[in-house]
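In what follows, chain A forms one complex with chain B and a second complex with chain C.
Up next, the complex of A and B:
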C-alpha cells in the first residue's frame, strides 16, 4: 500500500524538478505556498472522496454540495447577520446532511452510489441556484474569509487554509491507519460480505463514511468562500471530477479497499503544479489537461497491474 | 411536421414485420399523434393572435443572462407576446441549445433569439429553424458565418476592448505597460475581440475584429484563461503574478475574473499599484469600479439586446418585416477617475444603467 503512493510521489517530484529547470521562480517558497493554497478546495473535497472510494463507492455530488454549503454560510451571514462561526456551522451542517442523505440512500434503499450522488448533485445545484437567485453573495464579514488570509513563516506567506487542509489530511490518515474504525473502512471496501461476517457493522461504516465526506465538503465550502471572498453559486461545477482525478492519481483503487489518503493530496498537487508551472513557462494551460488525462490512465493501469500481481 | 412523420413511419414498418399485438401500440401512436397535431395546430392558430418568441441563453445561471431573460420577459409582456426560454447546461454546451431550438420549433415559436454557445456548431440547427419560417436573431455573440441568422443584436466587443485599452494607456501615464491578460477560453470570438481590441487601445499591434486568435506582444507578459470565473481568475492571476511580479496593468475578460484578479493582488499587497480594466458593466462590477477595485469597465446592455430582439420578433409576426444585419447595442466606458482625452461616464451613471436597467 505504501508503494501505491510512491509512483504519484515520484511523478510530483519529477514535475517539480522539470519546472525548476524551466523557471527560476518555480522553487521559491512563495510560489510553492501558492500551489498549496490553490489546492485547498479540491484537496479537502478529495479527502471525502477518498473515504467514499475506499468503500468502492463514488461521490459525484461533492462539488455541488460544496457550492451549496458556501452559499448557505455566506447568505446566512449576510442576510440574517449571523456571526461567522454560526453561519459556517450552518453551511457545514447542510453539507453533512447531504452526505448523510447519500449514505442513507446507499445503505437503506441499496441504490448504487453513482446514481444516488448523481441525483443529489443535481438537487444541490438546483437548491444553490434557487436560494441564491444565481447571484454572487458579496460583502462577507471579515471572519468568513479568515481562512484565506496568510501569515508569515520564515519569510514565506502561508495561508491558514493550507494548514487546515494539512491538518485534516493528517487526522484522516491517522484515523484510517491506526484506529479500528479506519480499518473497518478498508475492510468494507475490500469485501463487504466478509466484513459483515466477521462482525463489522458495514451499514454503520458506510453511513459514517458518506456523512463524514459531507462534513469535509462543508470544510471545503469554508475554504472556497475564504479564498475567493464571496459566496459563488457557480462554484464547484468541475470539482467532482477534479477530486476523483486527484484520488485516482494518488493511487487509491476505484474498486475499493486500497489506497492511502495522503496520495489524494499528492494527486491534487500534481494537477496544481502543472497548472502553475505551465503558466510560469508561458505555455497554454490546456497542456495541463492533456497531462492530467495521461497520468490518470497511467495511475489506473498501475493499480490494475498490481491487483493482478497480488492474486 | 417532418420529424414527427419520420418517427411515426419507423414503428409501422416494424409492426408489419412482426406481430399483431404491436399494431395496438401503433394505433395508440396514431391517436397520440393526431391529438398532438391537433394541439399544435391549435397552438399555431392562436399564435396568429399572440406571437410566440423563444429566448435561448448560454446558461441558466449567469447573472448576465438572468438579466437578459428579465428584459425579454418585460418586453414580451408589454407587446402581448408569449416568451419561451431555454438554455445550454454550461458555457459551451451546444447540444443543449440545439435541443432547445427543436423544442421551441415544436412549440410553434415564430421567432427565436439565441446567444450561441458555439458559433459554428449551432448553425445547422438555426438553418433548420429558418427553413421552417422561424425568424432567428443572434444576441450578444455572432454566429459563424454571421449571416447564418437573420440579424445580430450585440455589443461591439472589439470596441469594448479598445475603450478600456485607451483608458489604461492614459492611466499608465507614460509608464511602460507590463500586462497580464485573463482571457476567456481558447477559440471564442468574444474573448479574442475584447483581448485584441484592448491591445489596439493600448497602442499595441493586434489581429482585427474578425480574428479568433489572441494577439501577443512583448508588453503582454502573461496571458492565462479565466473562463470568466472568479475562482479560476484568481488562480490564473496568482500564477501570473509569480511570472510577472512587477505587473502594472491587468485586463480581465469580465468582472468576476477582474474580482478574482483583485483578490490575488490584494493577497500579494500589490492592489494599489496595478490598474485593472474589464468588460461587462454588471451592477456588481460597477460597484467594484466605485470601490476602486476595478479602474474602468466597458459597460454593455443585455437587457436592451433582449428587448430589441423581442420587439423585432413581434414586428416580424405582425407585419412580416424581418430585421437584418448587425445592430450595435452600445457600449459605455465607466470609470471612477476620468482620464484626459478618454470619454467616460461616472459610477453613478453606470449604476443607473447597469446591464440596461434604463
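Up next, the complex of A and C:
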C-alpha cells in the first residue's frame, strides 16, 4: 500500500521542484498555504470520486453537484433567512440526493455510470443556473463562511477547511482499509460477480458509495462557499475534471478495485501545484486546462499499462 | 455428521442423505436451465456431476445455494430456502463457482474471508467495526496449511499467483470453511496435470474429514478417479445416477450425450 502512493508522491515532488526553479515565489510558506487552501474543494470532491472509481464507476456530475449544493445553501440562507447550519444541511442533502439518484440509476436501471452522471451533471448545472438566475449569491451569514477562515500555525495561515479535508481523508481511509464495508467496496470493484456470490450485497454497496459521494460533494460546496464567501453558480467547472484527474493521478485504477484514498490527496496536490505553478509562471488559464487534459490522459495511460503489466 | 432428526425424509436410505433437491426449476428469460432437476448427495461421498455444456450443472449449484424458481431443497432432511449465498454458507454449505470467484487485487487472506470478515474484539471491533487483519491472516494460513495447499503468503494479492494457485485459493475458500457440504464447479478446469492432481488430492482430504463433496467436472479421468457416484445432468434434468465402478468412461459419456437412452441404462450401472 505504501508502494501504491510512491509514484504519485514522486510526481508531486517533481512538480514542486520544477515550479521552484521557475518561480521564486513558489516555495514560500505563503504560497504553499495558498495551494493547500485552493486544493481543499477538489480534495474533498476527490474523496467521493475515489469511492465511485473504486467500484469501477465514474462520476462526471461531481463538480456540478458541488455547485448546486453551494447555490442551495447560500440561496436558502439569504432568501429564506434560514440559519446557517440548516441552510448548510439543506445544501448537503441536495447533493446527497443527487448521489443517491446516480446510485439508483446505476443499480436498479443498470445504466452505465458514465451516462448516468453525464445526465445528472447537466441536470445539476441547469438547476443551478435556473435557481440562481445565473446570479452570484452574496451577503451570506457569517457562520456559512467560517470554514474559509484561517488560523495561524507556525507563522503560516491554515484554513479550517483544510483541517476538515484532512479529517475526512483520515476517516475515509479508516473505513476503506480497516472495515468490512470498506473492503466490500474494493471487492465490488474487483469482481462484482464474485462479491455477489460470497454474499456481499453489491447493490447496497454501490448505492451507498454513490450517495456517500454526494455527501462529500456537499461538504465540498460548504468549503467552496466558505472560501469564496459567495454562492457561485459557475463554481465546479474546473473542479469536475480536476477531481477525476486527482484520483487517477493518485493511483486509483479506473478499472476499479485498486487504489488508496490517500493517493487522491496527493493527486489533488499535484493538480493544485500545477495550477498554482502555471499561474505563477504567468501561463494563461486556457493552457492550464490544456495541461490538466494532458495530465489526466497520461495518468490513465499509466494505469492501463500497469494493469497490463500486472496481468 | 448430523443425522436427520426433524422431518425425516420418507424413504431414508441406509446412508443418510445430506442434501436433497426435488424438481428444481430455474429459468433465465426464455431459457429453461433446470427443468425439474432432482439431486441427492449422501454423507461421506464425492458425487460427481457430469453433463454437456449447457446441461444445467452450474445452474443446479446456483439453485442449491440461491433460491430456485420452483422445487424444494432439504438439508439433513429439513426443508431449507437459502435467500442468498450467505445463508447457504451460514448453514455450512460452501460453493466454489465455475468462473473463478476471486477478487484479484485483494490478498489471499482477504479472499478467504470475503463476506465473513473477522472483527476485532472489544471497542475497536464493536464500535469502530475494525477488522482483525492479523487474525484473518493467521487463520487463513492455518487453514491453507491444513489443506496442504502450497500457498504460504497470505498477504500476497491473488493476481500475483499462477492460474492453478488461484484456483486452489477458490477451492480452499470453500473447503476451509465448510461445515456440511462442499460444492465445486469445475475446480480442475484449465489446470495442468500437477495442479489438477493437487485439487483432486484436496478434494480427497475434504471427504476424509467427513464432508461430502459435489464435484462438477468435464474431466472424465478425474471423475472416475475420485467419484463415488456420478450424477448425469441432461437438458436440465437428472438423466441417471451411475456407479463408476460398474461402467466405463465411454458408457458414461453415452448416457451423458443421450446415445444411451435413460430407459436402456442397465440396472447394474446405476447407483
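Everything that follows uses one rule, which is that the second predicted complex is superposed on the first by the 282 of 311 C-alpha atoms of A that agree within 3 Å, B and C clash if a C-alpha of one lies under 4 Å from a C-alpha of the other, contacts with A are read in each partner's own complex, and residues count from 1 in each chain.
Everything below uses one rule, namely that contacts are C-beta pairs under 8 Å (C-beta built on N, C-alpha and C of every residue); 3 or more make two chains touch, one makes a residue touch a chain.
Bear in mind that the values here come from a model prediction, so they are computed numbers and not experimental data.
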Partner chain(s) touched by A:79 [first = chain B, second = chain C, both, neither]: neither
Partner chain(s) touched by A:31 [first = chain B, second = chain C, both, neither]: first
Which superposed partner A:233 touches (first chain B, second chain C, both, neither): first
Chain touching more of chain A, residue-wise (chain B, chain C): B
List of chain A residues in touch with chain B within their complex: 23, 25-26, 28, 30-31, 34, 37-38, 41, 129, 133-136, 138, 148, 150, 157, 224, 227-230, 232-235, 237, 275-276, 279-280, 282, 284-286
Chain A residues touching chain C - in the complex, by the definition given at the top: 174, 178-181, 183-184, 186-187, 190-191, 193-200, 257-258, 310-311
In the complex, chain B residues that touch chain A: 60-63, 66, 90, 186, 222, 224-225, 229-231, 234-236, 238-240, 242-243, 256, 259-260, 263, 267, 284
In the complex, chain C residues that touch chain A: 84-87, 89, 95, 97, 99-106, 110, 114-117, 119, 128-131, 159-160
